[in-house]
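Notes follow once the structure below has been shown.
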Amino acid sequence: MSEARVPSQPATPPDPQPARRRHKWTMVVDLDRCTGCQACVVACQAENNIPLNTEAIYLQYRVIEWIRIERYWEKHGEEVRARYIPLLCQQCDNAPCEPVCPVYATYHNVEGLNVQVYNRCVGTRYCANNCPYHARFFNFWQPVWPSTLENQLNPDVTVRWRGIMEKCTFCIQRIRRAQREAAQEGRSLQDGDVVPACVQACPTDALSFGDILDPNSRVSRLAKDKRAYTVLKELGTGPNVIYLAKVDPYAPAPKKHDHH
Amino acid sequence: MAERGVLGLFTSAEAAASAGAALREAGVEFEVLTGSPYPEGAFGEHTPPHRLYVFPLVGALCGFSVAILLTAGTQLAYPLVTGGKPVLSIPPMAIITYEGTMLGAILFTVLGVLFESRLPRPLLGLYDKRITLEGWIGILVRGEEGLLGPVERILREHGAVEIKRG
Amino acid sequence: MHPLPRSTTTTRDHPVEEYPTSPREVAEDIVGRAEAPWPRWRWLVLALGALFLLGVVGLALRVGQGGDHTRWGYYAALLGFLYTVAGGAPIVSVATRMAKAHWRRPLARIAEVYAVVGVLTLLLFIPLMGVIPPAEGRNTIWIVGGVRQGWPPGAPVAYDLLTLVMVALGGLALLWIAAIPDLAALRDRGRGGLTALLSLGWRGTLRQWQVHRAALGVAGGLYFIAYVGGCIPFASDLVLSFVPGWKDSIFPAYYALSGLQAGLAAVVVTAFFLRTVGGYRRYIHVDQFWGAAKLLLALSLLWAYFHWSAFLTFWYGRTPTGQNLQVLLYFGPYRPLFIASLFLNWLIPLFAFLIGPVRRSVLGPTLVSFSILVGALLDRIRLHVATWSVPDPRGHTFEAVPPPVPLGVADGLLLVGGIGGALLLYVLALRFFLPMSAWEMKELTYLRVVRPFLKTRAVVLGKPE
Amino acid sequence: MQERRDLSDRQINRDLLWPVLYTPLWFWVAVLALGLVVSAGAGAAAWWMNKGPGVAGLNRPIMWGHLIVTFVFWVGISHAGVMLSAILRLTQAEWRRPMVRAAEVLTVFSLATAALFPLLHSGRPWRTLYWVFPYDFSRGIWPNVRSPLVWDPSAIFTYLTGSALFVFVTLLPDLAALRDRTTGIPHRIYSLLALGWRGTPRQWRLQALAGILLSALILPVFVSVHSIVSWDFGMAVSVEGWHATVFAPYFVIGAVHSGVAAVVTLMALMRWLFRWEDYIRSEHFDAIGRLLIVVATAWFFFFALEFLFGLYLREPQEVALRQAQVFEWPYNLLMILFLLTAYFIPVPLWLFRKVRRNVALMFWTSVLVNVGMWLERFLIIVPGLARKQIFTFEWSVYRPSPIEILMVTASFALVALGILVFAKVFPLVPVNEAKEGQVLKAEIRVGRRTVPAIVREQ
């Protein structure tokens, strides 16, 4: 039986496809730098043809934000502090959302990305239920843009249809372009070639993106920081988004559910 | 009429039973037609053995193998990794294989029931509506003219209210 | 649970052994032989007594070696085995009596007498009270126990003790109520002392019978609730809460169910011995083994079903805790035990009982029941020893799988002696309470008649409201 | 069993076959009314498909709502059916006779109705074919067998096929009776369906065998079906309150609870509509009431387990979920209603023999049970999603839209319509079972009293 090979320390899950793997894209979020300014949210909106989140949509709880700023309050004795944590699809190695899809509309590709196949999706919404990070978004309505905005749609990104699921792709279109350009120049990808929209837009440089398999890439170095932790570690989803805890006399030690 | 035979109709089970016993003594093979099930051998008839239990087993085997092929094949045909689970995940296969096995068993059982009770039967043959409508009991003997005469007499002796020849 | 009509099994002409047909035969047979239920039973008592002494020695050793709870796994396993098997057996009589199944009648007393073992489990628990770590910081069903220090007072052991007391008392009450008419019969044959006392001057008036029937129903229901409900704190405090972060809501149900399965198996094996050695051939027929076999088949399927539900949930969830749990319980050092009980409690019963002739025989169900009993013991060892071997039960996640705990001399002696002691109690009680419920057998003599039906013979079963 | 009457076969035919042979006015009225409701539901579904899933009250993270609740509900109802008839056949309970077929038919129609909902509920219903069937040879991408949503169709297909065939096989002798009773075109049709049944001992014996063998085969399927439905939720590691090991047996026993109650409702209606007082007698309600007490209590035990161990680790999200279910509006009200209707009102009532033998009371209590069981599914599914993880910023509320409510209502009408039409075409109480009951009826004299008894083959 395959389960017989379960390791006794599964916090780092077995790599399902080590042979074919060339990259393992990873993002590092330094919470000490994040100011919750939402620039990343806007940049993502513009880059990925995300439908407009009007007031009505907000009131329906049907916002689509591939990256969002989670706001929560930390109470320390008398004073209450606002805390921000940018949350996006964690591109989990053991993504709970993948196996539950009946039609293989989402699966794990060799670059460690959790990809969504729009035209396979029938919209059972099971993946959204099974995503602990609330990182999957459903097109309840047919997305429409005012005619003035139609020309700003990104030609590299599919415009989704109603009734299907979507989520952060780590700007896979930019990854592909970087790879193409590298190939044309006959060189291999270097660290910093791939810059997702949110990373590009972050004014405080709180977000960094790269290939964790490259030992001297920026994310590899940051991931070794002692502040590094992953969200909801106890679920064993193996996220590829690594957070660096806030440096703060009040900040709790990096452990699970530091939302209180 | 396809078959040559005589059908004696009885209003009471007792009469039919005694007639059956008499026929048995006379060494005549006969069949009982009733509108509702009676305990086995109630009319002294003997029912040939059946092979119904073979059918579900065969069906289960077929269903099992088909399900195994389908589940294993579809996982391997397009090896997509989901959730870090092995490409050939046994537990989900077990579930669907279970369903397939049971489906095969059920289908074959139904076929077996029809086959063993010799249905569907194109022609009704010697029969009488009152068997189901009035709860009469029919005793049917198939055979040659020479045999049918005495049989008919036996049936009448034991109180057959009506005799049908075919 | 009536036997299916013969036409549904492949054994066409099975020799029909007849039950006694008159109440007085029953009285002669059963009540008459009360003093020596079966030949050479004294020797049996002596042998079992010797085993029990071995157990006492084992306990002494275990206490002498000291150590924390990790050393007491096998002892806990013995306790769990006795609690579930002996606790589950009386349910057999309760449930089948509720279903008005006639085939239960010869088995009812055999099952109920197992309740006396409850006293032993109660005594066995007392040494553990000093060993079980306190509830603080552990997951327990004592909701506040983990949060507020030392509340509710004495959690968990005090409540487990209470549970065991309730089960023991409930079982004894059920046994006693069921036996009153027979105790009266013994009294009338001149057995005095406790028998006469417990028969409460029963005279068998119509009113007394009505009250008796109602009381039996109530006692049965209460015992059922006591046992199944008791499995929640028992399974939680003696298994689940020893592994940090193990959240398994089906487990108490599984614990109770596997107990029922093993309890029924114990009843079948006992019935077999009473039939062959004990000379109750006219009372215990194939009917009984057949009916039990069908129940055992159903229980074995449920056994696997509960296992599968838990296994699948953890396998699919893939949380670190869940995966470590599966290593600990299924794929790690205790794998052989798991495989063994998988065969003994599921595969063997399943495939044996799929065959009609095996179901409808005396030997078949007996052998399968024996395998179930062995499997149940191995299963309990796996569960308790594995979970108790975790050094620190506090915390919310289960990080490291501990090494296996070998079976020591003391543990071996304890297992042998504990089971021997339980059987000793059982045999003594069997002599006191009669191995067969005489009044129910008398009832059968006029509720079950064999009549000619047209040209065949048929059994006519009376179903009083 | 005191009220047993002697009935001639002719009498039994007349009593049990009349709904097939004559059509009362109320039948057409009922069909019309139900048809209207069903078409309204169909309209709602069409609207959903046309405008998009936005017309539902769903949102993030509450992606599943009324339609999934109703799916689980109807699958649950479908379990009674065959389970009841199977258990009673296997145990040869004499009181099974009038209710087996009604139960099986209820199974078939409720299951078929349930199967509609996951498809209608999806984002693109018109593309769900490659979810349900492995047919996509061209692209070579098949259904993902690792997904519980693929286990569902396989289980439901097996169960639906099995129970439909079960109904047909046990219907054969009654089809023969109808064939002999009717004339003209109906006669032709029934002759075709009866497959030339004559009622030889061999055929009858195989009937008995089929009943028992198919029951034995369908029981494990029935257990698996609702287990798999429960795993749609139990496998979701991310939803607190779904990922519980007890879910499979908890759902199954709950399904039995709601289903047996539904059979009681149906039997009461049959007794009233078709005037079958001689066949569906108070003693039957008594027996099934006793069964209900046991089932309900077993179910409550599992409910207690689920709730108790839901709080076992006392993690913040566990506590938050249970707080929502018990204390927060509107779930607190629903929780109270659910507990009262599903257990604390009916079960104490059933303890009284008088109540169990009172058809009207049994009818209303059984209806209550199913109100409660619907709420149970709602309280499992919706709050679980509303408090999914500790991201309090994302917690939301769910208000069903008229569209959803319309579709849910229509589902009830659809099941009722199906059973009504079936009752028009086939006898809803097995005629041959009733006759056999008369044959095997016996009595035993004990002293001055006669005890009702039944003949069993030696």
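The first chain written gets the first letter, and so on, giving A, B, C and D; residue counts start at 1 in each chain.
FYI, a residue touches a chain if its C-beta (ideal position, glycine included) is under 8 Å from a C-beta of that chain, and two chains touch if they have at least 3 such contacts.
Here the structure is a predicted model, which means the values were calculated and not measured.
Chain pair with the larger contact count among A-C and C-D is C-D, by C-beta pairs in contact.
Our note on geometry: subunit A versus subunit C, Cα centroid distance of 54 Å, whole angstroms.
Centre-to-centre separation between subunit C and subunit D, using Cα means, comes to 34 Å. Remark: subunit A and subunit B have CA centroids separated by 63 Å (rounded to whole angstrom).
If you average the Cα atoms of subunit B and of subunit C, the two centres end up 42 Å apart. Touching of two or more other chains is recorded for residues 5-7, 312, 315-316, 318-319, 396, 453, 456, 458 of subunit C. Annotation for subunit A: residues touching 2 or more other chains are 3, 13, 94, 96, 99-101, 104, 235. For subunit D, residues that reach two or more other chains under the stated contact definition are 141-144, 146-147, 150, 205, 208-209, 220, 235, 237, 315, 455, 457. Judged by the touch criterion defined above, the protein chains are all mutually in contact, each touching every other. The residues of subunit C lying in touch with subunit B in their complex are 5-7, 10, 311-312, 315-316, 318, 356, 453-456, 458. Those residues of subunit D whose C-beta lies close enough to touch subunit C in the complex are 1-2, 90-92, 94, 205, 208-209, 212, 220, 223, 227, 231, 234-235, 237, 243-249, 294, 301-302, 305-306, 308-315, 442, 444, 446, 451-458. Looking at the complex, you find that subunit B touches subunit D at residues 13, 31-40, 43, 45, 47-48, 50, 52-53, 56, 70-71, 74-75, 77-78, 80, 82-83, 85, 89, 92-93, 95-96, 98-100, 102-103, 105-107, 109-110, 113-114, 116-125, 127, 129, 131-135.
Across the complex, subunit D meets subunit B through its residues 8-10, 13, 134, 140-147, 150-151, 154-155, 157-158, 161-162, 165, 168-169, 172-173, 176-177, 180-181, 191, 195-210, 213-214, 217-218, 220-221, 224, 228, 432, 435-436, 438-440, 455, 457.
Across the interface of their complex, subunit D is touched by residues 1-8, 16, 98-99, 139, 141, 143, 146-147, 228-229, 232, 240, 245, 247-253, 294, 301, 305-306, 309-310, 312-314, 316-319, 396, 446-447, 449-451, 453, 456-465 of subunit C.
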